[in-house]
Amino acid sequence: MILRLDRIGVELPPPSDPDPEGAQAVQELLGGKFGEMSTWLNYTFQSFNFRARQGARPFYDLLSSIATEEFGHVELVSLTINTMLTGASAVDDGKAPEAALSSLKGVGNPHHFLAGGQGALPQNSQGRPWNGDYVFSSGDLIEDLTHNFFLETGARNNKLKVYEMVEHPAARALTGYLLVRGGVHQVAYARAVEHLTGADLMKLFPSPRIPTDKIPESKPHIERGEHTKLYRFSQEDFGEVGAVWNGAHPETGDELIVADVPHPVGAPAHDLPPQPAVFAPDNAPEEIAEIAQKLRKKAGLPDEPTGLVSEESQELMGALTSKVRG
Amino acid sequence: MILRLDRIGVELPPPSDPDPEGAQAVQELLGGKFGEMSTWLNYTFQSFNFRARQGARPFYDLLSSIATEEFGHVELVSLTINTMLTGASAVDDGKAPEAALSSLKGVGNPHHFLAGGQGALPQNSQGRPWNGDYVFSSGDLIEDLTHNFFLETGARNNKLKVYEMVEHPAARALTGYLLVRGGVHQVAYARAVEHLTGADLMKLFPSPRIPTDKIPESKPHIERGEHTKLYRFSQEDFGEVGAVWNGAHPETGDELIVADVPHPVGAPAHDLPPQPAVFAPDNAPEEIAEIAQKLRKKAGLPDEPTGLVSEESQELMGALTSKVRG
Amino acid sequence: MILRLDRIGVELPPPSDPDPEGAQAVQELLGGKFGEMSTWLNYTFQSFNFRARQGARPFYDLLSSIATEEFGHVELVSLTINTMLTGASAVDDGKAPEAALSSLKGVGNPHHFLAGGQGALPQNSQGRPWNGDYVFSSGDLIEDLTHNFFLETGARNNKLKVYEMVEHPAARALTGYLLVRGGVHQVAYARAVEHLTGADLMKLFPSPRIPTDKIPESKPHIERGEHTKLYRFSQEDFGEVGAVWNGAHPETGDELIVADVPHPVGAPAHDLPPQPAVFAPDNAPEEIAEIAQKLRKKAGLPDEPTGLVSEESQELMGALTSKVRG
Amino acid sequence: MILRLDRIGVELPPPSDPDPEGAQAVQELLGGKFGEMSTWLNYTFQSFNFRARQGARPFYDLLSSIATEEFGHVELVSLTINTMLTGASAVDDGKAPEAALSSLKGVGNPHHFLAGGQGALPQNSQGRPWNGDYVFSSGDLIEDLTHNFFLETGARNNKLKVYEMVEHPAARALTGYLLVRGGVHQVAYARAVEHLTGADLMKLFPSPRIPTDKIPESKPHIERGEHTKLYRFSQEDFGEVGAVWNGAHPETGDELIVADVPHPVGAPAHDLPPQPAVFAPDNAPEEIAEIAQKLRKKAGLPDEPTGLVSEESQELMGALTSKVRG
Amino acid sequence: MILRLDRIGVELPPPSDPDPEGAQAVQELLGGKFGEMSTWLNYTFQSFNFRARQGARPFYDLLSSIATEEFGHVELVSLTINTMLTGASAVDDGKAPEAALSSLKGVGNPHHFLAGGQGALPQNSQGRPWNGDYVFSSGDLIEDLTHNFFLETGARNNKLKVYEMVEHPAARALTGYLLVRGGVHQVAYARAVEHLTGADLMKLFPSPRIPTDKIPESKPHIERGEHTKLYRFSQEDFGEVGAVWNGAHPETGDELIVADVPHPVGAPAHDLPPQPAVFAPDNAPEEIAEIAQKLRKKAGLPDEPTGLVSEESQELMGALTSKVRG
Amino acid sequence: MILRLDRIGVELPPPSDPDPEGAQAVQELLGGKFGEMSTWLNYTFQSFNFRARQGARPFYDLLSSIATEEFGHVELVSLTINTMLTGASAVDDGKAPEAALSSLKGVGNPHHFLAGGQGALPQNSQGRPWNGDYVFSSGDLIEDLTHNFFLETGARNNKLKVYEMVEHPAARALTGYLLVRGGVHQVAYARAVEHLTGADLMKLFPSPRIPTDKIPESKPHIERGEHTKLYRFSQEDFGEVGAVWNGAHPETGDELIVADVPHPVGAPAHDLPPQPAVFAPDNAPEEIAEIAQKLRKKAGLPDEPTGLVSEESQELMGALTSKVRG
């Protein structure tokens, strides 16, 4: 079982200029063969399928912890795409379907507008759906870990290239962060293989061979030591990760440590404004809000929503909504 | 972000007679169009893509809570499949590849043995991989909820049929439980649509039109009131679900209530024995155990693994391992 | 636009011994690369995409007529599969989900039972869904016709092999008929290419090189001259097919003629009995019938259903239903 | 069996400015998960798989009638795409392959030009082929109808968005018409579920929540009452639809009625001009025409083609051909 | 078994202006349904599956020879795509990931940059992967040959259209050559069918009906007689192709002859310059070169690489590398 | 370009008892994610896409040599499947389609009989087609090599499991050989990574951790030193492989050497007997033979076929043909 927090792993910038073609590219990091859905679901299935786990507890704990962090990465990529698509549809009275999407004809992934509500899709940069063939779970521990090291290497390649292709501030904040945290996982799997076989893999880093600290948006995270920390992403379990996650970081030489909190502090998400042209959450969102308010009252809930969103969300919703509504 | 617990939602029976053809059928509940991966990822993506969520907070909270429970269902189906496949490969000295899989030629899903380690796969009962086309996330709240009601209806259909096809005790424990908990989600989405539109959907229950309490394995859960409880699956968030989840249960008339604990107590999983014929976790699992033990010592961990598994696991590992090893 | 008749192209035998593995094989003729969905949708799309059709009217009319017949072939294959699956699920009180599908575990296409209601699926014999890549519509008339000749050749191959594999009387009645009518289409496309290019293709027949009249179930249709007749499948249109469809039949030497009625007389379909174990049309079909009867009354319809089904359907429904219900 | 009419359901405007990117978007309405191929084939398969149909005749008749209308919608979307692609390839002498497609490099769906002949494809807006996984046919009547209501809701969403994205007159004529006729089907399935379960679904309309009469191109059809009429699309069969299709229209309150003619009058299609750059129907279409004329003569057909095309087709063929030919 | 030569079948021009959208289109000739991977793998599988080959030796030899040539065509298309993509990424110091791919956002196939290293992919022009459903290998010789004739016809169609769409010199050199050599294969399969059945297919040429010698880039190859020559692509085997490959060429009337050398002379490939922005072969290619040089020394190899590349490669590598490096 | 030899890499046993379920399993080694089509096409594409190859010549030569060997492995797996399927269809007069495939209903991969001619398919053990997503070609040399090492590890896993599942002598001969030769490639890629990065990977062997010499069918190949030899598979090129392929074998300590002949001697293939029930190569193969003989005569070829097949083929064809013909 899992519990969910209404917080995301790192702060993302609010919507600015929409970038549908950038959002199309960022989809590779979500639904691509090496995207976050792949890392998430590979490790999750491997943890489900882990046999004789008591005898190999530190490895089971490592897999489970990393798998759990990956959910948060899928969340971050998804919110980035939502952010980049905000404001892309044209403004009219927000009610009548004139030609609010006409400027998006032939632009980016058509499903962002025709199928979805200017939101994230389980697809890659070509609009092809993620599929279960991207999961490798042989049950053979050394082999699964070898695979995972390779998977993280491919993932790092894709993050670097999306970084190079997309300059939108949300995409850069995302990739800067993911490069650091993905790097932790890449090292973790290499270390695990080393412990099990005696092979020495640290010289493979960095792979691709660009030092992570050359990425300006990664630097602050490295300075905060995020490249050395493994979080357990569990309140009480997975206490044996430290038996694998130890030694020196192959790029910086810093000591690898297990975080003493279960997860990064993170931040509340932005409450992104409605996009009435695509009926998200409705072509007349205020009607939804009205109904919800009545239901909340009836249930004895306070006047203000109890869920947390970013501080700028209030303002954002105002400013951007008025921009969206014209 | 999410946190993971090393516990599963409901107790599953330990491995008994292996049932590879049953496991092939149960895969429909995992990677089928209406399987748990679909419910899980549909609601998860819808929650990520939820715009103007503060104005519709009770609905966002509902979606997020249910999405989070679904992870646990994916976990349960996966462990059931693992349980049913345990012991399916033949016994020899556990080291040499004689013909340990020969009795499985032409039986069930060949990937259970050739690709995986007698474990769960993100595939349906035909061996076709789950794919992102199974996710519907239009951003239009009423439409997404209408979809979700239908999705749960299709899922209930599939669970009933797998129940009818597979008599293995693990499969029956699984479907008995999922029918009750899936029923909660089916009602929840119907209620949400009712609140938003005024339409009256309670008369659609049960759908398919078989009362859930006719399923012997569902009965105990109904008697414990599990069909009326919504868990938030969050320590502190998603506090507004009660604004949607209320009224009378359409089948039993019982009052719908929000659980006062974040999640069911559940149970620790079984530690399933190795299957050396498929190298899970290795063809010589004791070598993995030995290395792990050394690493644990070096890390200052206690002699016994700190992770929890079911009480019968110790015994199970002994008995079944000796069965597996011959 | 099309109009539909509640009749099928040829009489099929009623359900007898169920044959789920045979039904799995027959799916190749429905959703396979060379199945009837392929012939149907290839010619249909080619007819939609036909440019400058007035100048090439006889060819447009030919394509459209054959496309329209193919719908009836899809219908026949579907009904055959339904027939073969009737009675496959076990009998109990028809209401409670005990283990009514347990004898079908590991048998045939699992989707026939878990996803569908013992009915036809748009899938091939391997359970893979038909897809649009099977349609060729280049717009180049000669090329499209060359393709169609090849497609019919592949289709004939598959029909012959399904004939050899499946002895169920419904499957044999189906393939015997389709071999004759598919043969008409194969000749038609060859003739069309001949007319357009001057090439002589008649020596390619039969392909595969088994004379159709060696198939006992095809013989009666040949004796009735069905191998020489092109139906227009239109009340008033497609009157120019005779400009292409003429000359001697390459196998028998008989003259090719345009039928003077728009379609074969055919027969009403059987009304296949319910299969309550898979909820088709419900786990308590009599409740559906009751509601329908009330609605019919309210609408001033006569007491007996006005739609036609085969004469033995009454009896069939009684006999088989009681068999199904135990 | 079906019969085909050489007429389309509603008049479409003739080709004007080509719009390949618009055509790419319109493909979603053809081969998308919620496109017309999906509605068509879902209802068609459900009608084939309908068990115990005599006892539920009004529902069988409803499904069959609607299924049959959907063929005409697939036809309309296809012709719209053909219309929008007409004239997109550059003009030269129509014979030599210079660079007639160079302006289309990187524009729209490349298969419109490289694979097809500037015609419709069984693909969605991303160029992915339609597939059989989009068909739901459980055999459970209530469930199938619930699905169909949802399917029509998704289809309406996609039509509205394509309307907003594509301003080409053919696309607008198409979507204006389909919104009205699709609305009939959406209501029909909701009514059917109501009749069977007693649930009240009329308050779900419109869904998405934009009144159809706000669409200028839908209005004339509503004014003609097309939103209240169900056609049987059969000369003699399916006479019991009125037992389900009755009551008040949920948006306008008008009475739902069964049309006293089997199908809308409709119109002959345009005969779209050749596109020699893509060899449709040939790189020298006049040679095809010459051969056809000879064959027609030999068959004793009149000098003028006997098939009907739109009145402006003569002119169109002249004007546009000369435009195409330069 | 096969042996490989480090030479390509025809000289290709060196990189000039990059053309990513052209490269996207050319992918159709590689991974499309009618691309070179399809011709290659169809004939290769047919040759593996050829039963009773001694009795049909000339046909087996023909299939095997043509299959073997197709490898070289896959190679040529791949190198063309590489050539067209060279220089597409922006120039900086070649080391830091600034925004080197930003000008490629939304341009062409995103996988050319995000997944690959500005190289060829086993995908079609829509970015969909080639798949095994494109292979037809029925084992029925006449049927396989009929298919192959049709496959070559479709392939010729696609080559002509890519020619019309893409004016890049490498693409034109490629298509000009492939049209001639593919034409040989189209004739060969038609001749084989003729020999086996007596049907006369020569009048089907050319198909599509554009004489190959109207393509300026094909002319020189025709003048060299390449349209009449079948190469055995084997040092010692496949000596019986002449029993099928004989008679007059259907377009030119020239005599069909078996080449007296096993393969065309061809040319060495260009050594294409690194693209450090996509880490091909590394972000610091000189480090790879340095390591390789040390390994070569240690292995006693001469100072200069012993492999052959085109003469302009030296110059090319200098000029373009400095362009790439800025 | 490549040249083909009419020889296979290792002798395979002649057909014996047919084993369709075994053949289904062996398909995993052909068209599975880790099958020989994957290794073949991964390395082939990587070699085509290799930039700046002169500077990294030993690595380019290594990739190209191994890629070329993989063709021969695809060939061997295909012939094994053909061998195992020989004799599976029933015997009658070989001409009439009675029920020659009825014993194969529900057995193995239905496409082996319905689509193919009892031959190999580009599909995996589940009947799903191989697809281009299985190819990884990033252009980044270290990353591609890391991938290749992992790919060979997964391939070794699959070969071991197919070995355990399928006892048919042809399958055992195949896997015994492939385990040795695949092992060479696994070591080669590990060595290449070591040379480029300095990491030490030899301790990863064997992976999976079963010594290859425990496989009886592998032993003779190891005794002949085949585990230490790299063949260049080129008459004149790829001379620099020795700069990478050197040092000690990680399992046996033997010295890695470059073979002084371009390829293994191998053996001629068996000429497998016709299977008239599936029309391979025809339902009356002697007619094909007769035509071929006439063509051969006309072309001045000797009376006996000039192509080489195994010595036992003559006998085999007689014995098995008579068995097949009854």
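For clarity, chains are labelled A, B, C, D, E and F in written order, and residue numbers in each chain start from 1.
One rule holds for everything that comes next: a residue touches a chain if its C-beta (ideal position, glycine included) is under 8 Å from a C-beta of that chain, and two chains touch if they have at least 3 such contacts.
Quick caveat, the model's predicted, so the values are computed rather than measured.
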Statement: Per the touch definition, the chains contacting both chain D and chain F are A, B, C, E
- request: Kindly point out which of C-D, E-F or B-C repeats the A-E interface, defined as over half of the contact pairs being the same residue numbers.
  value: B-C
- request: Determine, using the mean of C-alpha atoms as each chain's centre, which chain is farthest from chain D.
  value: F
Message: Using Cα averages as centroids, what's the distance between chain B and chain F in whole Å?
response: 40
Statement: When centres are defined as mean Cα positions, the distance from chain A to chain B in whole Å is 23
Message: So the centre of each chain is just the mean of its C-alpha atoms; given that, what is the distance between chain B and chain E in Å?
response: 49
- prompt: What positions in chain A touch 2 or more of the other chains?
  reply: 33, 115, 126-128, 133, 138, 140, 142-143, 157, 208-209, 278-279, 282
Field: Chains that touch, pairwise
entry: A-B, A-D, A-E, A-F, B-C, B-D, B-F, C-D, C-E, C-F, D-E, E-F
- prompt: Residues of chain D touching chain E in their complex?
  reply: 95-102, 104-106, 109-111, 113-115, 126-128, 277-279, 282-284, 287
Chain A-touching residues of chain F, taken from the complex the two chains share: 33, 133, 136, 138, 140, 142-143, 146-147, 149-150, 153-154, 157, 193, 197-204, 207-209
Query: Across the complex, what residues on chain A touch chain E?
result: 21-22, 24-25, 28, 32-33, 107-108, 125-128, 157-158, 160-167, 208-210, 214-215
- request: Write out the stretch or stretches of chain C touching chain D in their complex.
  value: 1-9, 31, 41, 44-45, 48-61, 64-65, 67-68, 71-72, 74-75, 78-79, 82, 115-123, 129-133, 135, 137-143, 195-196, 233-240, 242-244, 246, 262-264, 266, 271-275, 278-282, 285-286, 288-289, 291-293, 295-296, 298-299, 301, 305-309, 313, 317
